[in-house]
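Sharing a structure here in structure tokens format.
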């Protein structure tokens, strides 16, 4: 089945698709340093891949990728482009308002970059409070559990993973031609004892930007992880559909 | 020659590319109603096409497309998603700040949607005043002149053209599979006598969203127009390069 | 016929005048460097003169002049006082809200300074979107056409004219005692090839602040120009009146 | 001696005048209901009159009147146009920044409308903190004392006076042709016991907008009052000059 | 009678107390330098003491103290923590909105620090305009009159008093164990002639932070002053109750 | 050892204490519904208790409690007073700026209310980015681990606990006289399957506001929990001290 990409539809087709499925799907990522072997757009490619799968399986309307995000932690690394939370929240809120007025009932934001979550949640709250728009923020839901089954490593405390076994595997599945496995390294940074209680710039903990062992990544692990993540998103959206769209 | 797409490069590669060419190229468009025969993403496809050509011919680094814009005038049409000027300006400013710190000296914003110009110019001014970052805003430069040579029609007063001979031709060249020529129509709206002195919502002047005769559009006209536009952009950027990057 | 100046009327008289004509007229200008022969308040005097004429011919209520504007381009020249767009927009919006609540149906902003247009248009849009207040922004409408009949010179691309034949003529008509014709000069600056694509500070293109040949200005040209401009404004307002105030 | 009006000078003359006297004088008033006998621009005329006198006696450069102010208390009366504090503060701050950069050392804001004081003081504080610009806010200084000598009445608690003996006298001196003495009335409103602890809209305390006895106003009282006020302002500015401009 | 302290009640008890008395009482002070003999929390202790007394005598619900305020004037003195007006206004406004929605009809802000008044009045105005919430701002009402009966000294022009006979006496009554009378001094600063027309940092007028003679302070004076202030507040609130809560 | 309470010290003493210990400790809580048996100020009492213990054990200077927080989730419950994130962030940032200028090197925010974390982290980030001020945000660190040893229950996913065994035990230790154990209940709400992906108002999941079994709470559990939490905070601060204050 072909996915309705909002930007490829005429206005009338877009609105009809939206009024039929009532679900709008927005992928969001970032341009950010991702070690020596992954591209700066890694989070964008993953968000897009997940969003496409989710659109396929839910019939939601797929919106264009928002490719710039909040990368404060790695802001000083080469290739990182940072958008502050306030700006990102405002942008997501306004897109949401338009979608709601076009007939969407459920707004599913598929986030490929953890640093965006504060901004997304603020937008979701505002959209719900002011517009009554049901807004989901999905940021790799169920990853820790899936990783524990599929990978040798886990996300760091707080759910962080970056250019490691997990993310490298995911991109090997989503966009293999952009992964330089020959440059993949293992680098397990020592987190400072006050990590989690202090806002930490990543230059303090890593030189490489790799938070784990990228060398053991495989396309198969990536596929399994991504399918698990997508299934979790779809499951939640089906619940949302049954709750908010039932007749 | 292959164009360096920022999101496909590693962080280090991106920064090196930026420090070599010193030119960052950002395409920006919108999701907006474009009549019965053109997709909502028309301005995005055109911005992207022009930006790719410009990147090819200048060696600038191509950034990911920003696909949401300010569409106040058509906000009430199906498929339009609106981002207010203030938010767009803030977003562009922040992206610019990061680029400048990564080593860019010239920021070329290739705009596919006229409604974005106020926001882009405000960001450009702020980037120049605060950061000393040379920022260009290109919105189909030289179009009127090119259209007078190539097309039967011209932009409206103020430079507006929309889903007409010009834009349809451009998309026939840039993304032909998304143009429904069989639905193309001619609709030449009567502008109210106070047009240009009042902020006009488009529902007041058109039901179809077509501002002219889309039926006479051809791929050849589109190619000729686009090459003219790109040449004008490249010419200006070469001037900018000679002025700001010379040794 | 005497014009009702809002500030000279009692509150009750002001409201009655507003409720009778339904048209409020606000002149706005700027304090800005205008070459060696024109005063910094040139745009204020012209805005006021046009607004008085328009009030006379439409019966609209004339508000006090707003004498400070956005002069970013000439901000570094002697005598320029700059108000950023955001502040100007907020100010115009709030004045508009009050006028609308007092009974005005049409808000005619007579602008004497091109740099104000972005701010005025933003206010006009906000007043229309939020308050439903019909707001006109007049910035020398029809000038290019009138100048081509009356003057040797024309506005620059983008509609700019400054301390040149046109503006000097206009002030010779509006406030002749403030024009130092003995210091009038001719200075035709070379615009850089990227003019129009970049936010340009005027110190880059002129030392004198004169954009043309002020020496050929005459009071007669000024009168003819001003009458043409006023006629155009009145014509548009009469259309607005017929459309929004009928019955 | 003729006063240098900033808007009548060329840019170069303005800057020279500013660099010579180092004092910039800005009159600010409001458009506000002033009872049956006084015009809405009363505070503007008074601010202008005082500012002219102060300019004459100090040699400061006189800026154009800012004719819109914060009139929250009388916002619902006919003819009142309200600008909120935040907007007014931003506007004054920006004008101040430009003046400071043009060479002014002392900024004297001559205020004709008490409701503006909060906004003016906020701007003054910001100009001093951020720019180091010495900013004076004069709002009828010494009025209570002068009124006790010259008039039968006094300002209300908090320094309020409005369309009463004091203000009517002042305008009889400043702009006699705009005073309708034949409509002057006496109306001494009862203030509620919680006045001063609560933000009170004036419709709660008066129907006429007159806070006292306007019928006993005379031009002579007005002249005496105004001279007293101006003398106090001049005295303070002379102190400021001796302190900040000495050598 | 025990006072209902909002933070000690369960949510249901708090709402019931609020719906019974309809009056919410918020003490607000500051952390600010108060000379060699008084603690930085002086204004907090006084606000709390007055608020407790007022709660006792009116049956209003006592909210927790807001202990941070705007201390721009003494910002550079040791121990001063400054919160700008805008932030303070926003905070008070939001607390007010919640209280109003919980059933309060009268909001009594008992202010222990004069520097907070601008922010409190702005919040009060906004709460009244937007929410229709009757908001009182009490800042030592009737102090000048009471001091003239009880003390040797008076507040300065503008109502200022600081670490002097008045304030020291008040704290000797409210929190005697925190007063270091052995360090109390007399320091009567010379105010500059332009005081009141210019925003003055206190380092300009005092080294000690004492504005008068703290050595003559006594607990008895403090008690008498505080009772007078509280009586005045209670009197006004009883008027408010009779006016807004009748029936 | 007595703890230095900032508000009880004179300004000079406060600054000296700060310059000696270099650590400023700010407790922050909220006024929020906490079921039938706990007071609205529960989070305040806990924040204060922890902060006092931390001050005792680190020698940091204890600041006054900030008793209002962000309670969006329970905003519609009786007794909840909500402050939005933006306002809270601004307030914390400004207090931090003042502390930093007074000589503090480490800012330890002891948070008693999870809903505040977004705002606190934003303030911490801004203080670190702009001021270079090391800011810790402690929100019951190590609670999950401690609860697993001490209690029958655990925090919910996301770390939420509310009026349950954990929190009731904590308050039984911190402020036993305010706990109504006779009204304590057990209420284990079913979380919706999309919890964690959607911004959920608590009225959706609970009527009682109790998230677990409050009936099994004891003072002993509370003491053990609180000591564990405090020890964790102290441990982190000692690390911070060794890193940032060494020498």
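Labels A, B, C, D, E and F are assigned to the chains in the order they are written; within every chain, residues are numbered from 1.
As a working rule, contacts are C-beta pairs under 8 Å (C-beta built on N, C-alpha and C of every residue); 3 or more make two chains touch, one makes a residue touch a chain.
This is a predicted model, so every value here is computed, not measured.
Common partners of chain E and chain F, by the touch rule above, are absent. Of the pairs listed in B-C, A-F or E-F, the one whose interface repeats that of C-D, with over half of its contact pairs matching by residue number, is E-F. Between the CA-based centres of chain B and chain E the separation comes to 57 Å, rounded to the whole angstrom.
Remark: chain A and chain C have CA centroids separated by 50 Å (rounded to whole angstrom).
If you average the Cα atoms of chain D and of chain E, the two centres end up 30 Å apart.
Residue positions of chain C in touch with at least two other chains are not found. Residue ranges on chain E touching chain F, taken from their complex, read 5-15, 31-41, 44-45, 63-68, 75, 77-84, 86-87, 90-91, 94-95, 97-99, 102, 178, 180, 209.
Looking at the complex, you find that chain D touches chain E at residues 72, 85, 118, 121-122, 124-125, 128-129, 134-138, 141, 192-194, 196-199, 235-236, 239-240, 243.
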